[in-house]
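Okay, so chain A shows up in both of these, paired with chain B first and chain C after.
Entry: the complex of A and B
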């Protein structure tokens, strides 16, 4: 099933209606478990294609129960390694010997996100941080939650339980309106905005040629770098809007995954605004434990900041590698790691050189702030080259532009992004006061007109013009 | 150990970690209100608290703390065990 699609919304509506029969925890959990399984069966009915996914789930559940009963470090370590190995094997990572791959097609959609939830349960069971022992139905309800099955958001178990069975979210008139608006806006982003941006991006890639004049070449290269982050944002945040809105109709509350990422003034800040739940997961289970253990081992105030840089690098390298199974994604990981590592070193050096107060004052300077924003965006766009292109394309770009034009393109993106994003943010702030479409304080007729317009465009394009919403990019991870 | 005593020790720890003698640990104090309290500084606070109170925190506990009040209550619960 494609998310978002009218089919998905119809499915969720049916689930919401059945859920509404009773608010009793047992009823809610039973309906949600049945809905999750029904949702997965829309991808395949073949038991063989479902078996590897089921095996990972069974291994995870057995691991959780083992950790609840037997909290021994060696068993925990073996279990984590077994889960990681099973995941990498089933996801066909390139470092796994190809001879070990399963010789048939099977379901991998949503596997990464389910894996994050399973690992969270295992670790928290070991560290006695789960609110209660995990039953099999609670496990299925949580790990396979159909509203966030495909690409998150990644929710922690305790937070999921709160609205799943303990205290379902309020579904009054304002929250229904808000959820509906969120679905429409998200659907619009995925079905209309992201395909248009992808078309524009493809046109700029096609326009890059040696025959083009120097200025055109650099401008098109800059647009190639700059458009893709916007496309990815429209696609992924649109999906997130739809599932958060949909979940609300089931009286479930999902966590936010985006918070205006392009206003970030540093690469480190970007990751607190982009794919927030993945960043939080990695901060909880990779960054913090690893850095704490290194700080305990090397207890020197002079070394500690450098340990921080190293662990930042490792964490974001893992984010890059998680995105895909090939060498291109290792390069993406290195670039992301380099981005946050260099960012942290710069912060440390500036704080040391200027002192905390003067550095804070510098960060507040509008020109410095705009340029920081532009640099952050440009580094994201540059890193994402390894996300969307092929090695052949990358080689072609490098030969076509050469080092000087690549550097000039990067600088152009920094400056243009600094101007456009800064003014864009000012306009957004102004609009929030004049015509606050995203606020409950705005007149209802204005919001209704806005959403109706978007809905008409969505229906016109997806139904009348027969151009259904594309798959979301993160579905592949 | 009383909550007051925990806050007193937390005040000493925060002043030491952030090199700021004006800091006072209170239940509503958050990372956003303290200059330099980022994810790295957060772990320095946690490590110092672990040493001072002779306790340890789980990964989930470290990341879920929203303010100093939650940290103090967590310490109180752990010390009481």
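Entry: the complex of A and C
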């Protein structure tokens, strides 16, 4: 089943109706487990295709139980390595010898997100941070939660348990309205906005040619760089809106994954606003423990800030590598790591040179702030080149533009993004005061009109296109 | 109460947007150069309604050859004729065949449309029982024209495929009130073009095995029957008919069609049509092999030549007022 699609909404509606029969924890968990399994069976009925996924789950559950009973560091290390190896093997990472790959097709959809949940349980079981021992039903309910199975958001176990069985979220009229709005807006982003942006992006890529005049070439290159982050945002945040809204009807609360990422004034801030749950997971299980262990090993205060830079680099390198199985994603990881690393070094140097107060005052300067925003966006767009293009395409762009035009393109994106994003944010703030469409304080009729219009547009476009449900980029990871 | 008011308001907004869409489509949706493959009843009704209120035009009825398979809409013979000033409309479609021609003629009669002339493509391939369009109406024509056909005629045709109950219910409920839904296929074609069948770069004869039937044609053949009816109806209404035998790639299809029976069938059709007052052009061998994409579909230069041939034939119908310049297809309005 594709998410989001009308089938998915119908499925979730049916689950919500059945869940509504009783609020007893056992009933809720049983229905959710059945729904999760039913959802997965929509991808394949073939036991062979489900077996590798099941194996990963079984390994994870055995690991959780082992850590609950036997908290020894060597066993924990072996278990984490085993889980990581199984994941990389099943996801066919290019560094795994190809001869080891399974010789048949099998389900990998949602595997990354399930893996994050499983690893979280194993680590927390080892650290005794789990609220209670994990039973098999709770394990299935959490790891395979169908609302966030495909592409997150990644929720921590205790947060999931709270609304799953302990204290289901209130489903009153305002929350139903907001959930419905969220689904409609998300669907609109995925089904209408993101395909249009993708079309525009493809058109700009096609328009890049040596025959075009210099100005056209630079402008098209700038658009190629700038459109993709917007496309990715519309696609992924739209999906997240739909699943968060859908989960609300099941009285589940999923965490937010985006918070206006394009207003970020630094690359480090960007990752607190973009794919928030992944960043949080990596901060919890990679950044913090790694930094702590390095600080213990090198306890000098002079080295400490540079350890932070190194750990930032490693964490974001891992984010890049996680996105795909090929060398292109290693380059993406390096660029993301370079972005946060350079950002951290710049912050340290500026604080040292200007002092904390003057640096803070500089950050408050509107022009500096706008340019920081533009630079953050441009670096994201530049890094994402390694996300969507092929090595051949990338080489073609490099040959076509040359170093001077690439630099000019980057500069143009910085300036344009600084202007557009700053003014866009100002307009959004004004609109929130005049017509706060995303606020409960706004007039209900205005919200109803807004959502109805979006819904009619979605249905109209769906009717005309008669195309399969929209593609979610992060589904592939 | 407040909740009911809010739901009613949302419904009112929906109705307002749908009304706006209906107005926009009715006012601005273009008349397509050629029908979409799955043209809708709503679009056909709109075209017929427009034609009924317009001065008489030449109507072109054919299959994928005249529809312009593998050429752009502007490159079809009908579009070239129209661009040169001929008041003509192309009602050909990919799965056109004599039963469909007849259904369309009956619809013209229903809408009180009296064409200035009727140009008919006669393709022996469509008179083969194995041809998918031999006894099958396009779903839209089955919806609109089947009730206009006599019981005997209906009995000769295959019943159209029925959509599922939900789809039928949706169609029946939404189509009358929502033009975007009713004309979704035509809108899709306008936006994205008509997807052609799989391109065959180098067609080989074996691809056409069974396509041409050399059974002697008689009036019992379903295609022949509806061809007769089409011409009879047109002639009864005083509409001149120009029928032409579909140009065919004899080099490619040599082993299937270069036989006395094929020629006999051609002569039979010619005699039948001429007896009923149609002017017949035998274009069966009029085009060279390199003018075809495959068995019968013409490349753009051949479409231009076909347009010139049709133009010449139309010019010979005295009342058309067309003067044909062989160097450049030109019409006097």
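Here, the second predicted complex is superposed on the first by the 472 of 477 C-alpha atoms of A that agree within 3 Å, B and C clash if a C-alpha of one lies under 4 Å from a C-alpha of the other, contacts with A are read in each partner's own complex, and residues count from 1 in each chain.
In the analysis below, contacts are C-beta pairs under 8 Å (C-beta built on N, C-alpha and C of every residue); 3 or more make two chains touch, one makes a residue touch a chain.
A quick note: this is a predicted structure, and the numbers were derived from the prediction, not measured.
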| item | value |
| --- | --- |
| Fit-or-clash call for chain B and chain C when the two complexes are aligned on chain A | fit |
| Contacts of A:453 with chain B and chain C, given as first, second, both or neither | second |
| Which of chain B and chain C A:444 touches, first, second, both or neither | second |
| More chain A residues in contact [chain B versus chain C] | B |
| Which superposed partner A:463 touches (first chain B, second chain C, both, neither) | second |
| Partner chain in contact with A:215 - chain B first, chain C second, else both or neither | neither |
| Which superposed partner A:100 touches (first chain B, second chain C, both, neither) | neither |
| Which superposed partner A:291 touches (first chain B, second chain C, both, neither) | first |
| Closest Cα approach, chain C to chain B, once both complexes are overlaid on chain A (Å) | 38 |
| Chain B contact footprint on chain A (complex, rising order) | 123-124, 127-129, 156, 158, 268, 280, 283-285, 287-289, 291-292, 295-296, 304-305, 308, 344, 351, 356, 360 |
| Touching residues (chain side chain A, partner chain C) in the complex | 173, 444-445, 448-449, 451-453, 455-456, 460, 463-466 |
| Contact footprint of chain A on chain C as seen in their complex | 2-3, 6, 9-10, 13-14, 17-18, 21, 180-181, 184, 187-188, 191 |
| Chain B to chain A touching residues, read off their complex | 35-36, 38-40, 43-44, 46-47, 58-64 |
